[in-house]
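Following this message is one structure expressed as structure tokens.
Letters are used for the chains, namely A, B, C and D, taken in the order the chains are written, and counting of residues starts over at 1 for each.
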């Protein structure tokens, strides 16, 4: 049991480090496309590791299946979102949408 | 485990706070949407961790709903800007790759 | 500071920000968001005031808030329909009279 | 450690509310508000309300963001996003009013937390009466059995919101079409996975709702999110007319709920008495369909919906 908890702890810590990497990339990378690249990949690996850690910890096949489903759907959502946002970032390099104005003094 | 799970949750929340900076500064609309993406995936991870820690399986269903519907806002965003007045010609789009 | 106090104070701050913004924002879309944010703050107070954070459930306020969430979004959707119609008819997204401006 | 989590989420809510509402571009405000909704789901999770977390997740992630963005786009297409400036005096008064209201809410909230304490009387009465109903989820019990007139009227409010929005649409129904769908192959794959899954999850939530967190409102919100997805992907279009099926879906919740209640009245029972668990399922199913259909129509801002003819 202890070995399992150790494994789960390792996976959780590894997962959160990937989330940290994604956030660092989001903050430090120079343009929208590279930020997108850093964020989506790192976050999905992080989510996978955290899901595996939780699956090990939960010890029930049903929960593990649920976690797997969540991760697969997250992959799908991230793929589509990243593709759409990347297309948008390519199509338009202007800093803000036209028609953008501050509406409060 | 009773210490590690909340610790990871706190860590991810701090991560989110850092990510908020990108929504704040932008500079482009795509950047802001990108951070919304970060918030989606991190929130899912936090919900799953809370489900385990608080022993509340229903939160996993909430996480499932989150990932299912996370893409909708992105689609609305793209539909909005591409369908709007800011629509660019395909030629401009190809030029955009230079950056 | 206890858990409940943290939530109540945060909810109060959110409500104050919402009301402040409702009064100063001129764009009606922003005002709608302000109303929605104020509603969320009240939902928080209701649920926090009902009971402990870990432990027994009190179903009454939660049922109230659950329907409230759905009703709030439908009210916002209706308000947005009104707003779009207003913009179609008057070309403005504000209820202010132009003559009221100081500038 | 748990206090640290609560403090972080609560502070996050305050910061996000400020960012969403004060200063900055309107678009940033909308994105910040979407993030605020996601954070609210975390808050409900911390407050031991998975029911609310589910509803907030479905509404916040699936409907609110899309609704605000499309409305923003429509306003911009109308060229109407020109705000008027405000006087500084008014800002100062507003600041005072905001501060005052915050103090007031804090005082009321803190007093309520101290006064009621764990497990108020109504909550205890509910916990005692619940086993007799055969339901395990107190929230479903409250919604369908103990406060059923409230719930019936809330479903009616949804219907009223739709009727009212239809009334203000003017003569040219569905005046502005939704933006065209882009990148169809990838979005198509997403829809092919998510639309059936949304129906499946909605049915699961409905079935689970009698014992576990879940129920008609969450299930209806998930269905609505699925419908919004279909509209955004160009599979459903706003139509000037409302078909028969759609009309039935719109009124199903109100009609079935009040129908069951009136039949029980005719049988000599109290008004809106629920004859058994099967009736709870029947009513919840009808409510789910109505909630989903109404929210999708409100999103479309049109009278009806029509599918795309295959090309």
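In the analysis below, contacts are C-beta pairs under 8 Å (C-beta built on N, C-alpha and C of every residue); 3 or more make two chains touch, one makes a residue touch a chain.
Every value quoted in this text rests on a predicted model; they were computed, and no experiment measured them.
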{"item": "Neighbouring chains common to chain A and chain B, by label", "value": "D"}
{"item": "Pair with more cross-chain C-beta pairs in contact, given A-D and B-D", "value": "B-D"}
{"item": "Approximate Å spacing (C-alpha centroids) for the pair chain A, chain C", "value": "29"}
{"item": "Whole-Å gap separating chain B and chain C, where each centre is the average of the chain's CA atoms", "value": "23"}
{"item": "Cα-centroid distance, chain B relative to chain D, in whole angstrom", "value": "20"}
{"item": "Where chain C touches two or more other chains, by residue", "value": "21, 24-27, 30, 54"}
{"item": "Per-residue overlap in chain B, given as positions that touch at least 2 other chains", "value": "26, 29, 33, 35, 40, 54, 57, 63-64, 68, 70-71, 75, 77-78, 81-82, 84-85"}
{"item": "Per-residue overlap in chain D, given as positions that touch at least 2 other chains", "value": "2, 22, 26-27, 46, 48, 51, 72, 76, 81-83, 85-86, 91, 182-183, 187, 190, 194, 197, 218"}
{"item": "Chain D residues touching chain B - in the complex, by the definition given at the top", "value": "1-2, 4-5, 8-9, 12, 15-16, 19, 27-28, 31-32, 34-35, 38-39, 41-42, 45-46, 48, 50-51, 53-54, 57-58, 61-62, 65-66, 69-70, 72-73, 76-77, 178-183, 187, 190, 194, 197-198, 201, 204-205, 208, 212-214, 218, 222, 225, 228-229, 232-233"}
{"item": "Chain B residues within the chain A interface of the complex", "value": "1, 4-5, 8, 11-12, 15, 18-19, 21-22, 26-31, 33-35, 37-38, 40-42, 44-45, 48-49, 52, 57, 60, 63-64, 67-68, 70-71, 74-75, 77-78, 81-82, 84-86, 88, 92-93, 96-97, 99"}
{"item": "Partner chain D, residues of chain B touching it in the complex", "value": "3, 6-7, 9-10, 13-14, 16-17, 20, 23-24, 26, 29, 32-33, 35-36, 39-40, 43, 46-47, 50, 54, 56-59, 61-66, 68-73, 75-85"}
{"item": "Footprint of chain D on chain A - complex, ascending", "value": "73, 76-77, 79-80, 83-84, 87, 96-97, 99-105"}
{"item": "Residue ranges of chain C touching chain D (in the complex, touch as defined)", "value": "1, 3-21, 23-27, 29-30, 33-34, 36-37, 40-45, 47-60, 62-63, 65-67, 69-71, 73-78, 80-85, 87-88, 91-94, 96, 98, 100-103"}
